[in-house]
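Next up: some structures, all given as structure tokens.
Two complexes follow with chain A in common, the first pairing it with chain B and the second with chain C.
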Partner chain A sequence: MRGFGIWAIRLYLALLLLFLYLPIAVMVLLAFNQSPLYELPIVWDTVWFQSLAHNDRLIRAGLNSVGLALANTAIATALGTMTAIAFARYSFRGKALLELLLFPPITIPWLIIGTSMLIFFFWIGIGRGLHAMLLGHVALSLPYVIMVVGARLKGHGSALEEAAATLGASPWQAFWRVSLPVMAPGVVAASLFAFAVSFDQFVISYFLAPPGVSTLPVEIYAAIRKGFTPEINAISTIIILVSMGLMLLFARLYRFGGER
Partner chain B sequence: MSTVDVIGAVKRYGRVAALDEVSIRFGEGEFFGLIGPSGSGKTTLLRAIAGFADLDAGEIRIDKQPVGDRPPHKRDIGMVFQNYALFPHLTVFENVAFGLSVRGRPKEAMRKDVGAMLDLVRLSGFEARKPRQLSGGQQQRVALARALVTRPRVLLLDEPLGALDKRLRQEMQIELRSIQREVGITTIFVTHDQEEALTLSDRIAIFNEGKVVQIGAPGEVYERPRSAFAAGFLGDANLFQGAVLDGGVEIGGLGTLRSADPLPAAGTHVSLAVRPEKIQVWVEGLATPGADLNRFKGRVQRAVYAGTNLTYKIEVGTHLLTVFEQNRAAHPLPTGTAVNVGWLPVHSVLVAA
Partner chain C sequence: MMQEARRRVAIGFLTAPAYLWLTVTVLLPLSAMLFFSFLTVAPIGGREAQLTTEQYLTFIDKDFYRTLTWRSLRLGFDVTLLCVLIGYPAALGLAKHVRGRWREAIFLLIVLPFWSNALVRTFSWTMVLREGGFLDRIIHWFSPDAPPFSILFTYPAILLGLVHSFLPYVILTCYISLEAIDDSLLEAARSLGANALQMFARVMLPLSLPGLLAGVILTFIPVIGSFMEPRILGGRAGIMLGTVIEDQFTTVFNWPRGAALSFIMLGIVLLIFAASAPLLRGRLKGL
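Moving on to the complex of A and B:
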């Protein structure tokens, strides 16, 4: 009975991994297939990577996406971390309300947020463009960053900073030598969230992108509607490799400053 | 060595006064215990000395210098927190060196001082460990070493042994005391454990509702509590209320109690406290103590067996007395046994109600 249980769990795990990774594996495999119509058997070729290198549209969209995501990560992580510290360490008027208001944006569908942003940005004259997209992405990422960093901060309370103060550390020293290293895993995790929210963002980007500017998700969407070539598979393969690499790197880094 | 003066300290949180006109002078090299129920103000006072709580009125002076306008990092104090607050991302060495490092001490001097301090707390060889790899007692000693390495003027301890189990706590009490003597630092510590306060302190201040109820050496405060609260909080006490008659106090439902304390005029209502361990219990006909005792007849209502000692609840008149006895006989008196109880008049302590 015990043996059976273990095998059942292993089978379940195998199925789960299969379910998650099979579509991705198929997509990667077909990126290396010569046929533009996904014909089998697979004829090994890197033709789609080569043509990708000449597809300026897709490359520009990709660069837009990466640039936006990096800018968003930097801004949202910095702002969100500061907010989380304020929430965790200080009391001020309206704090409870402010904290409560952080949650709805996470549950409101992005489609609705995107529409309201589009209307609002036109109304106040921001309009469309990369700057508007960045603004939208930052606004969407902030609640995630604040929650992730906040969870980490609450786990420690202010005792560590107080200990640093009694040992003669100025608030500045206490922040850089104690608070930041201790909350670093939370900040790193939050920045990953911020990156993913932006890099994955379709609705906001689609609504706020001016004609001629697009991001990777928007471009992929357009390509699928036109009937797409395995170039999309090729660029997706590159993205998957990069993001999985990043994840593994961060998973290693996560230990730094952590308790485990 | 330094002195700390707290003069008329007041701290309010909304309507509640956490500190209500508290004045204490902490002497040079003194080991001073602050004890009281939670919310009595003892921790607030400690945090006010550290600089984490601003006073609404009054003043704190360290070595006669007012420190009210100085933030915590400029007060030159050492503090051990309840859960130690060791920096989890730093090693034992780096934790202890932290205070020297933020002061920009040279590496060599730092290594020497940290080494000496780890020697003192018997943690040499643990330099490279992270706090999570240490036991509770070891973490406690790292916290102590970290607080002492900068040679602060005052050491503040916030329930320093509260997180340890009983045996370890007793060991650490002895160790803490000997380290404090060796360093000779003025130490103020907060505890809610009466035994710890009595064991460690040169002097004790009992807090209640933001006020200091009594200050004195452990023996003084324990043997001569000045109020019913002090008697009941530090140790246990049987309390009696009655009116003064000539030669004693008439207690309703019991009889006349004699006290060695000077009594006020006849007719005044007073309270008397009697420590449970001062009361003798004996069975009629067996050995009878000869001394001049307050003596009553009673009946054992309950006996609680605790290995080294026994606690009796004894019905005397309409009162229920608590009595502690050493477990000499190995057989507690059974429930219902008719007994005599008695104590010397000197152990009936006059207290404010």
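Moving on to the complex of A and C:
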């Protein structure tokens, strides 16, 4: 393509990135503005971040979010990796069905999943709360973990394990010394992803949060509906930095669209 | 025989925990919701519930719910169309006319927001669209006498927020299938005398159609199920099927009604999947 066309494409992509990042940039800048009414020009101040440190509700919600995300990461990564190994190493009847069953949690709107969990958990006595949220978050994370670890395993067949077995390794030794190091990047990427899924999850947590117990996104939603304050900008800034940071790490470990 | 038995135990041991989990958190809840949608009241706290089809009949009887469903479908259609019109050319440009490190960097920058917090991104639009917000300032900078400008709590605001949310997804799916098209096919088309338009219509578009469709479906479905974006950006203009379902569970507490509305939405989703299944088969895994 000739010079003009190339520049048109570059300009188009630049405008697109501007559209994607402009609102986020505005939101972050206003978190550092002193005025409680978002008045301009921006007077640089970290007063809103300092007031976060005294907001017990938000701190508790933050601790809930992190704790929930850590528990979710541990469980979803373990269960998902096990399933991914089964899918990669064995072919069996019903496998196609099991793989198909991974789609409902990620393709049915979260609104429907969340409300149905609320109904069911209430009905059978599990109730609402952090434990119920954990049940829900793991369900949403599992399909992603299985796909990410599965993609890694697909790229590396079972030849290495067979070689280890031929050389006299026990199945455990073969797993710990050969299989695990091979799939480690996939497992780490999947666990980062699982952490992000839980940390950013709003809809499921919202329906499963009893009064008085919440996570950061649930708390932010309630605050937005009451009215906008720069404090929301400050906490949002922290959240967006954490989740984008996690995704950058994920992208380094696991290339989108598989390994090239 | 022994080996076959051990194999089965291994498969069971590896897959059972995850699928038990999914059963308790997805399959059983969806079944419970179907059951609840045929009840008069939620059978919780000792209340007696009777079986009824009232919840579904209300949906058919009242214009209100049909209008709502139509509004949600319309929103899904508008957002998806805008995402395709803006996103496909971007994916095409990126996949075929940008090379090397730049391409990787721009691709990462485009998909990065998609995987970050949706609630925070929606909130960030209120900072741009509200009266006294970023757009208002820009307009007054150019013409100081202009009246106050705000499109927050309007339909276009919801559109903007949702397009911003799902555009990266459409670009991602289109990009993956466009990038996989072998350049030698384009060379061949060119050497056989195809012009740019013909090359696009006869080679690029057909080969990238699966990715485009995946993007369309995976945008349309979450959008008709959205409630947080219409609520925050649309205010009163943002009453959709999703926000009414949210109300049934959080403020009105009519769970059977909410369950029935959810199932009608799920029915729409399944219809869309069924209609597109032949075209999508085997494509979703690559994402």
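Keep this in mind: the second predicted complex is superposed on the first by the 232 of 260 C-alpha atoms of A that agree within 3 Å, B and C clash if a C-alpha of one lies under 4 Å from a C-alpha of the other, contacts with A are read in each partner's own complex, and residues count from 1 in each chain.
As a convention for this text, a residue touches a chain if its C-beta (ideal position, glycine included) is under 8 Å from a C-beta of that chain, and two chains touch if they have at least 3 such contacts.
Quick caveat, the model's predicted, so the values are computed rather than measured.
Student: Now for A:Gly227: first (chain B), second (chain C), both, or neither, which partner does it touch?
Tutor: neither
Student: In the superposed arrangement, does A:Leu98 touch chain B (first), chain C (second), both or neither?
Tutor: A:Leu98 contacts chain C only, not chain B.
Student: Applying the document's definition of touch, where does A:Gln173 land relative to chain B and chain C: first, second, both, or neither?
Tutor: Only chain B is touched by A:Gln173; chain C is not.
Student: Quick one: is A:Val182 in contact with chain B, with chain C, with both, or with neither? Answer first, second, both or neither.
Tutor: A:Val182: touches chain B, not chain C.
Student: Touch test for A:Leu248: chain B only (first), chain C only (second), both, or neither?
Tutor: A:Leu248 contacts chain C only, not chain B.
Student: Between chain B (first) and chain C (second), which, if any, makes contact with A:Ser236: first, second, both or neither?
Tutor: So A:Ser236 only meets chain C here.
Student: Tell me which partner touches more residues of chain A in the superposed arrangement, chain B or chain C.
Tutor: Here the partner covering more residues of chain A is C.
Student: So chain A touches chain B in one structure and chain C in the other; where do those two contact lists coincide?
Tutor: 256-258
Student: Residue numbers of chain A touching chain B in their complex, please.
Tutor: 159-160, 162-171, 173-174, 177-178, 181-182, 256-259
Student: Please give the residue numbers of chain C that touch chain A in the complex, ascending.
Tutor: 7-8, 10-11, 13-15, 17-19, 21-22, 24-30, 32-33, 36, 42-44, 86, 89-90, 93-94, 97-98, 106-113, 115-121, 123-128, 130, 132-134, 137, 164, 167-168, 172, 176, 179, 218, 221-222, 224-228, 231-232, 242, 245-246, 249-250, 255, 258-259, 262, 265-266, 269, 273, 284-287
Student: Which part of chain A faces chain C closely enough to touch in the complex?
Tutor: Counting only chain A, the residues touching chain C are 1, 5-6, 9-10, 12-13, 16-17, 19-24, 26-27, 30, 37-38, 40, 79-80, 82-83, 85-86, 90, 92, 98, 101-105, 107-113, 115-123, 135-136, 138-139, 142, 146-147, 196, 200, 202-203, 207, 217, 220-221, 224-225, 228, 232-233, 236, 239-240, 243-244, 247-248, 250-251, 256-258.
Student: State the interface residues of chain B toward chain A in the complex, per the touch definition above.
Tutor: Contact set of chain B toward chain A: 50-52, 71-79, 81-83, 85-89, 98-99, 102-103, 132, 146-147, 150, 156.
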